[in-house]
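Multiple structures follow.
Common to both upcoming complexes is chain A, partnered first by chain B, then by chain C.
And now, the complex of A and B:
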């Protein structure tokens, strides 16, 4: 369980264990049996920390989701609320408790009248656990509702950075980009700084801090201040991280807008990955089940975990999607060859060895089948009309022989056209004119988010749109999708995704050239199979954020001073003093470890690009990635949208 | 500026009034585009109500695009044309709409006309 967390150089399992320990301590504080009432949003992230079995060990008997009305009855002594500090949730809790108290006192009276006191239920203890921080405002609200005294325990469970994978941490705070850049609410930055302090307590002080952007500056300031406040209380440990790089999302607005083209990225674009799980339409998986045992068709979406614990997935997740088909078929050959080997096994010893490998091989095959299905699903949406793409499908029969079928896939031009427009924008073609593709999409009332993504992209690539052009787009959008979206458009302007062109000249081409954001010569096949630059993750475009990270390691930011000035926000460098004797003696050939923190979200393609850099032989740096939230263009724009309630007439 | 957030709750009359006040705010903030868009929305709402009363088609709250679609699909071409002119809808979009609506209905005679 969770063994995949300890694979990489930095053992993130330590962090997970620490989080579990805190949870156990809290649960033991309320003695006796208990039921947990969950804030629905938290169940996903918590699943990454502790499975149900752990909760069970600590006498958790029932779990409910938090909703209005009254709590389902359960014969337990304690009721524990796990919630985010949100006022609207407090109201629900207050309602729950008020109802409970009312019914309870009613029952008491009834029992007393009937003189059967022995049947009287023992009163429950209520507890509340705020994740990640308790908030005075929320407690005040509970007090106003007159239920604050009902709680025996009010506590906080500090859960800032949740380990996702061996090299990935996320805070999963949904709206942090919106809060920081739109609402000027820096709470999530505080959580970030706190989370980084926790990290430093476990893994040692990080000697060097680099950063770019307003929010990065804030976080670094807070960290340095907290460091002073806690001076001396930290147990000195040998530092695991050499460098911390804080990056604001608004330094690189372009990357998340573009469609990700890695395997994992595309799964996220098409189906959305939440908390390391993806939900897929069941049809593709149903057939196989029937062959195996003729079970009923599953109607629920199939939920699959996606992390590096699965060997095959770890191998293909970061590949350009063009290369995935080939990788899968290669794997299939290896596996079937391995199965064939049993015929060659002569001696008892050889057979024994073969049998001992069987479970592993069977696991490999089922994961292969799963990913073939996923790849097929994604391919249905993305395959291009220009090339006839073949994909291999594996049908397993009698659970032994593997038959390869090549099937001509359905083509879909929409995806390809969309991609072409994106790439034109990124290379700077016609970014100052009305794009006919966008016009057509609006006229056909395609999903609004798709339109917004494209318009924003054009704006970012052109360093703002001409007033006339901007107004034209806005007018078209409002007329087609409704007036209420004026709020959304307004938000996008506020965070700088859409903006009127100022008198300043367009500096995007300069940035593109100096940072080599567009690799002309990356022909797709080559970058798919044997990439030599990070630009393969977007088939040509190298994510700005990752390029900055790469340049920081070598040759350093001083060489691109000019470009850094063009990007929003200050850039800075801080050093934290290490206690004497803890300076790491670097072994020759040992890599540096850098923690890259994306404030406001990171995409899977960027993660893939950083992993690629870690693996480069001459890179000399390994990257661990942390973020406030894993995003893609769609979820990102969605978080910036305003949905006024539909008015009733 | 913030008036616009509150406009959603009340009923039509109150809503138009609130929109008017947000127009004033937009003007104060020198946000010409938003002011104009808001005015257009008010105009659209009034038009929708008038038509709703006359024809009994539920239209209120639709976007301009959807209103035109709805009108075309029930054969109120005149009113649709009127909206198209009043709100300066781009030609391209209007023809798209018209083609689609007519094709969906299978109204080939009307399609022939242009």
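And now, the complex of A and C:
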């Protein structure tokens, strides 16, 4: 539900409404019935803005995916293409239209020859809507293909920042990190600046801008310039945000490489969250059907929305996974107690009241069931104690479950070994030696992305690897996975994820100590119960990016000048003049609101850490998070690969 | 009457004017029918396509790959079911504060032309349609048509999606001014459009030279060339910039898309002379050599009817496999061949400078898969100067045991290698894991750990050799147990 967008301090529903209004306006421009042909990638983000009923209200009768060949026939007046500005998509559109025109002219000829006047379908009006921006390059391609004339409307739908949750905005621009840091293409930064201008138009000028990194500097420059240009046209609004913090992803290359250990983060690591949805293996969700007598298990993945509209999920998503089990069982007790209440309901009034609460309770119960299943699925992969159940299950006769569980046991062992190595790197243990675990993983031909994540992490935690060590890893990788991966390795070196150690000494330990990136804590802390520091999101490691954010709020960056100089890119502060009379008068005790913008991507664990800071009683700052893309280590490394991993055998 | 009627009929039928025939059997009408049929069949054809066409599931997922996408046809829509739709509630919660805004209007207040502007340096055939809506606009806006706009005004018009003309920027200086204005806007779309114009209208050497001092424009140009697949020009540009390693990699990258192995090999050969960094040059050389060998091996193995190929038919071709996989293949199918043949493990190992560790791991995997334990043994056998054979391994023996176990080695073989593990603790845990009873018993005995031994007894089969052995040890009064 969209209402959850307005829960936080900043009502992001305003942004969504503005986007919806734009969409309606465009649809009305193409008057009459219409069919939409979708660039598949866009359906996800659009689902967050509008649902099908909105389109239907504006006479959208059919929807298709964009594909080569014919456009499916539909008795509509308009055919509207919703596409990203990509050349390969233009080629498909051109083919669609050329075929349509061919058939149509053929039909016309037949009808004319035969003087037939009845029932020839009128020609369609074609429209194209570029998301998030029109592209002259694409229009040129359409022109070259001779179909540009066929369009009645060419427009753009500026969807820069999409509200994902009440405190989260993403541009979902899949390659922004690669573009910015590998290809030096600043287009996505331009979109970022534009998106921030939109935000300021809706929520008021942000008086203070802080930043760290080259891209941050660039975005701030563009914003300040755009601000001067739009000076007269903006309606003055009381500022909602006090501060904007722009952070380059390459200031903190370490965090996304580590395995996220919050509930939401782990779901993303294991199953991948796309556009607020996760797809899960259906077996664990099959109970109901079996009760109904249906024998066959569902084979299609179960798809669930994940956002704060679901009360339970909002409660547990940012917890360390270790603490999720306890939270779920506590919730289970509350719910069953609530259901038990019916026995106490004696009078008609009481019964009536109970019944009125039923829908809410039932929703809570099914939400609990879902998350218990998800937690079980995740636990199968992460839990250490699987060994015992393995031995236990061995006794059972069902040979299939034996195989299944022996596989599970291996995954959980692998998960823990992997985690141990990560934590060693982050604490600076043996980062200058060959890591036997990485060697073993290569020997077993584990997925290449996993290997790259670990090697990059070792490099980052050691401020570069000794030339000999780097060459060794590179050779092992290339020999085992194929020579073509020299391209990927080169890319990783260019963005600084892999590098030979320079003569400079390793400054990672200094950064780690000064920023307290590793918290040696009590067992309880590491397990994620009652955390008092953001390090709980990685069971010990406090994400550098969030630490910088935290220190900016208190006591300020001046206290860490030395460390800031060790991190790449400039750090800066800018102020934007507010129109007279719009200075916010803060009530004593009122929190400040900071917008943190991650250029190049942010992980769910970092988001969890920022939410944790927002909720701290004496924190004094609330955070809204924005990013170019929600990432995890795997999707991030993948975006930097030149030869997407093909399965070996 | 009748006669005249007949006559009349005769007259009509004879007539060469066919305009007024009412005969049902008329040719032309049947011809029309025929074409109608043709038309119908065409229509049906189109409709059939409709069914094959994948529908969008409105659910936030790319559709193609997933089987559960709901087929959203018009009929199911009308029935009001939106099964896959995220339940976003719109009826309530319309924000009063925000509903007045629209994203585009925020910045386009003055420029909403509502129509469709074409991208064209000159007003070409699209113009009429394009500018029709503009005619209705106030006079001031008709400045669109005049071509005396400054570079700054021009790029602004481009940014706002209004009509513009670049043709009038003729001198180099004007063109560069235009480019600089575009860069100052930061809008990649506009920068690229200007670059396309410059590319068309400037000598490429001059363009390259000017781009060298314009970083941002240069990045966009490189990106544009990549996007358009203008490989040749890109290579020239990188060369002119002195980015020779990048240039070499960009060229090398082309091989990724090649399906035909012969063509790919020849292409890789042509890459050998490119200015790679030293390391990459070695790798590319190896890549070429590997593919060359693979092609030879593949050709001969494909038709080979050797014993091993009959017993273990090949599942896939060896072409384009990584070197370690190739080595595994060679250890599987070509073990023991002399170093002189391309397909022999020894030759591959030498040619591609494979480390001893990697070699042993790979050969071990392949020979164990074939359950040839003798070969496995000889991998680790070394003779010392006295002529005794001793087992040595560059990888820990616990890893050897793991690999053997994965390949279902019998307990006797496993036992032998577990025994070779130096570290007692590791040895014990491996023995426990793989049920090498004898080793477990011996180890506990050597550790003088009576308690553990007693605990272990139930895991043994009664009256087995090991069972009796434990009983013997436990009843042995000579041993001084530590517990």
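Definition applied: the second predicted complex is superposed on the first by the 604 of 649 C-alpha atoms of A that agree within 3 Å, B and C clash if a C-alpha of one lies under 4 Å from a C-alpha of the other, contacts with A are read in each partner's own complex, and residues count from 1 in each chain.
Throughout what follows, a residue touches a chain if its C-beta (ideal position, glycine included) is under 8 Å from a C-beta of that chain, and two chains touch if they have at least 3 such contacts.
These numbers come from a predicted model, not from an experiment.
Asker: According to the stated criteria, A:158 is in contact with first (chain B), second (chain C), both, or neither; which is it?
Answerer: Only chain C; A:158 stays clear of chain B.
Asker: Scan A:479 for contacts with chain B and chain C and give back first, second, both or neither.
Answerer: A:479 contacts both chain B and chain C.
Asker: Between chain B (first) and chain C (second), which, if any, makes contact with A:490: first, second, both or neither?
Answerer: Both: A:490 reaches chain B and chain C.
Asker: After superposition on the shared chain, which partner residues are touched by A:103: those of chain B (first), chain C (second), both, or neither?
Answerer: A:103 contacts chain C only, not chain B.
Asker: Quick one: is A:22 in contact with chain B, with chain C, with both, or with neither? Answer first, second, both or neither.
Answerer: So A:22 only meets chain C here.
Asker: Identify which of chain B and chain C touches the larger number of residues of chain A.
Answerer: Tallying touched residues of chain A, the top partner is C.
Asker: Would you check which partner chain A:471 touches, where first means chain B only, second means chain C only, and both and neither mean what they say?
Answerer: After superposing on A, A:471 lies in contact with both chain B and chain C.
Asker: In the superposed arrangement, which partner chain does A:245 touch: chain B (first), chain C (second), both, or neither?
Answerer: So A:245 meets neither chain B nor chain C here.
Asker: Chain A residues touched by both chain B and chain C?
Answerer: After superposing on chain A, chain A residues 440, 443, 471, 474, 476, 478-484, 486-487, 490, 648-649 contact both chain B and chain C.
Asker: Along chain B, where are the residues that touch chain A in the complex?
Answerer: Contact set of chain B toward chain A: 4-5, 8-9, 11-12, 15, 33-34, 37-38, 40-41, 44, 60-66, 87, 89-90, 92-93, 96-97.
Asker: Could you pull out which chain A residues touch chain C in their complex?
Answerer: 1-3, 6, 11, 13-15, 17-19, 21-22, 25, 29, 36, 38, 40-41, 43-45, 47-48, 50-54, 56, 61-65, 67, 69-70, 72-74, 87, 103, 106-107, 110-111, 113-114, 116, 133-137, 139-140, 143, 148-149, 151-159, 183-187, 189-190, 193, 197-198, 201-202, 222, 225, 230, 233-234, 274-277, 279, 300-301, 303, 305, 440, 443, 471, 474, 476, 478-484, 486-487, 490, 642-643, 648-649
Asker: Considering only the defined contacts, which chain C positions touch chain A in the complex?
Answerer: Per the stated touch rule, the residues are 31-32, 35-36, 38-39, 42-43, 46-47, 49-50, 53-64, 66-68, 72-74, 77, 82, 84-90, 92-95, 97-99, 101-107, 109, 114-120, 125-126, 129, 158, 161, 186-190, 192-193, 196, 215-216, 219-220, 222-224, 227-228, 249, 252-253, 255-256, 279-280, 283-284, 286-287, 290, 315-316, 320-325, 352, 354, 358, 361, 399.
Asker: Would you pull the chain A residues touching chain B in the complex into a rising list?
Answerer: Residues in contact with chain B: 439-440, 442-445, 471, 474-476, 478-484, 486-487, 490, 644-649.
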